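Below: a set of structures, written as structure tokens.
Both of the next two complexes hold subunit A, though its partner changes from subunit B to subunit C.
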Partner chain A sequence: MPHTKRRRLVTTAVAVSLGATALAACGSEDDSKADSGPVSLTYWTWTPGMDKVVDLWNKGPGKKDGITVTVKKQASGDTLVTKILTAHKAKKAPDLVQAEYQALPTLVSNDALADISGEVGDIEGKFAEGVWQQTMLGTDAVYAVPQDIGPMMFYYREDLFEKYGLKVPTTWEQFAETARRLKEKAPDKDLTTFSANDSGLFAGLAQQAGAKWWTTSGDRWKVGIDDAATRKVAGFWGGLVKEGVIDDQPMYTPSWNKALNTGKQIAWVSAVWAPGTLTTAAPDTKGKWAMAPLPQWSLDQDVTGSWGGSSTAVTTDSAHQEAAAEFAAWLNTDHDALNALAKEGGIYPASTSAQLSGAFSHPPAFFANQPDFYSKAADIAKTTAPSAWGPNVNVAYTSFKDAFGAAAKNKSDFTAALRTMQDDTVADLKKQGFEVSR
Partner chain B sequence: MSTLTVRKAAPAAGTTPGTAQGPPLRRRIALVPTATLLLGAVYTLMPVAWVVIASTKSGRELFSTFTFLPGTGFADNLKDLDAYRDGVYWTWMGNSALYAGLGALLSTAVSAFSGYALATYRFRGRETMFNVLLAGVLMPPVILAIPQYLLLAKAGLTDSYLSVLLPQILSPYGVYLARIYASAAVPADVVEAGRMDGAGEWRIFTRIALPMMIPGMVTVFLFQFVAIWNNFLLPYIMLSDDEKFPLTLGLYTLLEQGSNTPALYTLVITGAFLAVLPLIALFLVIQRFWSLDLLSGAVKS
Partner chain C sequence: MSSSTSRRSYGVKGAPYGFLLPATVLFALFFALPIGYAVWLSFRKVRVSGLGLGSGARKEVWAGFGNYTEALQDSELLHGALRVLGYGCIVVPVMLGLALLFALMLDSEKVRLAPFTRLAIFLPYAVPGVVAALLWGFLYLPDVSPFSFALDKLGLPQPDLLDGGPLYLALANIAVWGGTGFNMIVIYTSLRSIPAEVYEAAKLDGATPLQIALRIKIPMVAPSLVLTFFFSIIATLQVFNEPTTLKPLTNSVDTAWSPLMKVYQDAFGRNDIYAAAAEATLIALVTLLLSFGFLRAANRRNKRDVSQGGVR
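Right after this comes the complex of A and B.
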């Protein structure tokens, strides 16, 4: 079966849809005018409080242009991608969807997302290059407007670092040294943990090291999960786990919360949204944390990865793609919209001008002790490495959880687990009918 | 272990004299099944106890205090849940009640009709039909959700109350159970007697057969009610408007709010606790119909 079905690669999908829009543009000059009547759009999103932000649109610019948007709140994650694709199969996908960056290739290779480069091309300058590039997937098309980003950072307990005489590591080598020194001084404590449950974290760390997991050449995909950069990252963390100087328990569990709250773990490699997580996970440690840039692989480097973040995309099923793109652009670049998004939804905006204004002129309440939190964050965000996602990130992530989970438990070789992850991902791509180059 | 239990327990339960071997042995034998059942009870009640206790904890206490130590935040949790997006939780609760209540009722009616028909009438293709139904019992409803979505999308019914109700009305398991039950509880003699007395088929079914089938139908109703109440995938795929969500979906959206927003654990746990209460109440109320089950039967043979 699989060999009879040959899925279109992103690039070919683009060629086809470009051709289609060109044709549509020739034949139906009047159709776009028919669009000027009242338009009603539906929007699937998981951001809390999005309905309030959309109200601003419906009462302001939307009212003027006769475009009304209705929010239908969804649960986030891979399951939403499946839901969008199922709806798309019945040609019933909503006009607008929220999608994580790593889900874009999956959606595009299923022809679910419309190319909106004509409508939103002029706002490119409002975003960091590495962020905008994630919505283009290596083509000339634009498949989404960046909404929020998750530049990675290093969080540590300022008080406990002082207590144990530890310095904030600026390189990963120092990071390992810090972990060892802490073990010597307080054997019952760990610097942090390596969580085999959080594929996104590992992907971000690999991205920082320069890994490009999915790339295209011609009409073939190339999977580089088992490349030198990722092997370096896997070997580093595997070594620390094997040495026993960091914990190997998963994150986001009650016992992890407890470890953070009681100071058993005193640092966390995370992203800009960490204050929100810490607020619920470790409520007793308010004001005791500080944020620093991620440790680097070499001193002359200044680069970070991303963990999380999402975009607003227009679907091919939408009858009003132009209006939908107009809304997507407003939502993610308008000053008032972004301010409301930050306040209601707690997002960290992708738009660079919003990263220092409004809601971000004060540090998060949990980090009141670090007044320059957001100006530091904005500087770090600028150093985000480009990422390279492919059409089966979910498969790679599942394989990561299985292989690295087992390796962390047995304290065995992480590079072997990495090979498993690579093989699983390539096998799945082939099974889906993509051409894969070695 | 289990075979041993069964073998030893059987004579103890029997009333035939002679197999009884004196009180000391009896007591020791009863210990094994009792212990097994107790173990089972602890195993199933433990998570329930966890939910009950966790729902009393405030966000601060949830992960920091001892698991089975009741907290102090129950009233606040309730208030937060009630206030969350203007009480959308109660909308979800109402939706769940509608889907499960109406769905189970319709499904029980369909099961009763078809089960009775399959049990009492002889017609061509009856066995084939029943075998197809049996195959349906083996088919997990999960794999049907997407085809059902595509079908309903063609009819333009997705994202409506009907889209969740319709697919759950026909329950192969319910029909199967109804047939088995009807053939056991409604003797052919009784149906024949009804016909002799000049009653029409509809009258025989509603006045004679249905009352005899009540305990079995209560079982079907309960099964369906619980199945629909707990169903996740079907409504997940069918619905996009969260005002139409049942509890399962609603609570899921509270958990998965994206990586930059922490999951609302206390709300989810309190919500889950409240979501079990209607099920428990239903079982307690309907239990008395159930006890008839063992005693019922129209004719002694």
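Right after this comes the complex of A and C.
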């Protein structure tokens, strides 16, 4: 009796461990070096409807080359960066990932992204120089293919601007003047709000003013968050908050939605994707908004920043980097793919030729009153200032939220908050062991 | 013969270990091992060389107690702990006070609709913490809150519940709303287990319902009060859901509002799992010290009370 029992136990144990091996095998099926046979790739992305776009590939060019791509839907932005890094520690990152431009240095610094300059170098001409340069991080390597961009623009309620006799500001000085005039005419309304929750917006505004937050010289990083350009931007918004002519509550809250929907806030400094946000945040205001270029720091300038935008990157863990790069290039340059991306995912393509064709030949439904929306947008996109991201954008962004949140609450000095942001960022770099130059 | 006896006795001797094995394996795999790994991580850190781009730029090295000394010197962590202390000073007494009050009221003889009331008070506990925090967050936001609307219509001032001192009340309110029901059930259950003779004797001695509640019921449910207090301390030290959910709604909650939020931020915002592991270990130690320290103190007092009762 004990014998049979023991044997059964052993059999079960063997079965269990076999099952575990089978499971483990499932996880690593991509490891087989089979560039000769059919290739299957996994792609982590948060773009809605990406599975439909990938279907185009799997039925078309992918079928011909024997490359099948599977989409795994993920959370957006920083959450995905963390997930990629965790997967990469186990050497199990997917073949392809979506990554925001500011996340690229973090991913590259963790050796998660492969250099695909050899595979995608020839499509460089399809993108604006400033956009492509973001994927190179100041090296000769190319770590991603640009997918969408978020050039910044000024959105305003056309009807309310007329009602209060306001003019669309073309400089930031006029912007401040407009905020003051509105406060005089309608004290319960605000032109807009300064949101300490949206680090990306502040980064874009600083970028427009000419700031370069992270630069390299030799083997050293230089952090320029507290530079003259950013100080100008911080001082400007801090002044408006202190004066009380704009609101200081965060964006993307139920309160903010209501303020936009009821016309309590009548303008929004945002990016090309704003129509999508306004459609859900302020549904009652359809057709009442208009878009204009971002106000400038001086009249002879014509430059904008970017808020958002992402790229498609190939990981170092991928066993089929060449095939993955081929797909990334197709996804972001092929006419049909970009059209489908615009239709299904609502993205604004980085590829310049796609910015005026197909889905972008007529304005977004929410802006039906502005027929030239996308031709204007394409013109603005061309004026995007170059950006400069570093390996700890996440730290700077968190520091921004905390320091500027407190400053907005206390209506205190924004430039002091900026100094905190600079100090936190430098301290973190040094702590990690990066060489930082003064 | 002899061989079979020896085998049988061996089998019997081994039996307890056999029974223990599953629990031991599970404990080792899912409890001891992860904790051990976290502690191991807390003694490590990453060194970057040069620009930190490309392969081989990052190396994991031994950090000794570096992560711990940094965590102990970190003002963010300290401020977080102080904030949680303030929050706990509101939550624990209010929640347990209400729970005791409700339990006593439900246990009194004159109560009507007891099953319904019990369920109604307990129900918020069944609402997931994140949902509860979101729900209250919307009720706190002045522009969408029906309370602010009503106060505005009545011409009364509307307090900003998401700022300064009121923020603590706002956060504590969510925890009290969600936790009172659970604690009430614990206390109520132990009230029900008090034998009826005790009450009868008290009544014969001429005790009023209030006297019965204060002199008999509360002392007799003291062990459950200790237990609920113990749970509440742990829950307070681990507060995370409520402030994290309210964070995007206001400028007043920063990313390291509570110690656990700081751990989360370090692990997943800054990708520094080593510092996060050290902080988590420290929080676990403090939780252990506080909760078991309290339990020991409570036990000692109980024993003393019992012995004094015996002498009397």
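Convention: the second predicted complex is superposed on the first by the 403 of 438 C-alpha atoms of A that agree within 3 Å, B and C clash if a C-alpha of one lies under 4 Å from a C-alpha of the other, contacts with A are read in each partner's own complex, and residues count from 1 in each chain.
The definition used in the following text is that contacts are C-beta pairs under 8 Å (C-beta built on N, C-alpha and C of every residue); 3 or more make two chains touch, one makes a residue touch a chain.
Fair warning: this is a prediction, and the values are worked out from it, not measured in the lab.
Asks: Will subunit C clash with subunit B on subunit A after the two structures are superposed, or do they fit?
Replies: Verdict on subunit A: clash between subunit B and subunit C.
Asks: Quick one: is A:Gly345 in contact with subunit B, with subunit C, with both, or with neither? Answer first, second, both or neither.
Replies: In the superposition, A:Gly345 contacts subunit B only.
Asks: Contact-wise, after the overlay, does A:Ser76 reach subunit B, subunit C, both or neither (first, second, both, neither)?
Replies: So A:Ser76 only meets subunit B here.
Asks: Look at A:Ala196 in the shared chain and tell me whether it touches subunit B only, subunit C only, both, or neither; answer first, second, both or neither.
Replies: In the superposition, A:Ala196 contacts subunit C only.
Asks: Is A:Asp219 contacted by the first partner subunit B, the second partner subunit C, both or neither?
Replies: Once the two structures are laid over each other on A, A:Asp219 reaches subunit C alone.
Asks: Looking at A:Asp111, would you say it contacts subunit B, subunit C, both, or neither? Reply first, second, both or neither.
Replies: It touches subunit C, and subunit B stays clear.
Asks: What is the contact status of A:Thr230 with respect to subunit B (first) and subunit C (second): first, second, both, or neither?
Replies: After superposition on chain A, A:Thr230 lies in contact with neither partner.
Asks: Report for A:Pro254: first if it touches subunit B alone, second if subunit C alone, otherwise both or neither.
Replies: After superposing on A, A:Pro254 lies in contact with both subunit B and subunit C.
Asks: Look at A:Gly276 in the shared chain and tell me whether it touches subunit B only, subunit C only, both, or neither; answer first, second, both or neither.
Replies: first
Asks: Which of the two partners, first being subunit B and second being subunit C, lies in contact with A:Ala90: first, second, both, or neither?
Replies: In the superposed model, A:Ala90 contacts subunit B only, not subunit C.
Asks: What stretch of subunit C clashes with subunit B when the complexes are fitted on chain A: 1-9, 37-45 or 199-207?
Replies: 199-207
Asks: Would you tell me the residues on subunit A in contact with subunit B in one complex that are also in contact with subunit C in the other?
Replies: 79, 254, 258
Asks: Mind listing the subunit A positions that touch subunit C in their complex?
Replies: 2, 78-79, 81-82, 85, 105-106, 108-111, 137, 139, 141, 196-197, 216, 219-221, 248-250, 252-255, 258-259, 264, 316, 391-392, 394-395, 398, 401-402, 405-406, 408-409, 428, 432-435
Asks: Quick check on the complex: what are the subunit A residues that touch subunit B?
Replies: Against subunit B, subunit A makes touches at 42, 44, 46-48, 72-77, 79, 83, 86-87, 89-92, 94, 148, 150, 200, 254, 257-258, 261-262, 271-273, 276-277, 279-281, 283-284, 307-310, 345-348.
Asks: For subunit C, which residues count as touching subunit A in their complex?
Replies: 7, 11, 46-58, 138, 141-144, 163, 248-252, 254-256, 265, 268-272
Asks: Quick one: which bits of subunit B touch subunit A in the complex? Just the residue numbers, please.
Replies: Residue list for subunit B touching subunit A: 59-60, 62-64, 146, 149-150, 153-154, 158, 236-237, 240-242, 249, 252-253, 255-263, 265.
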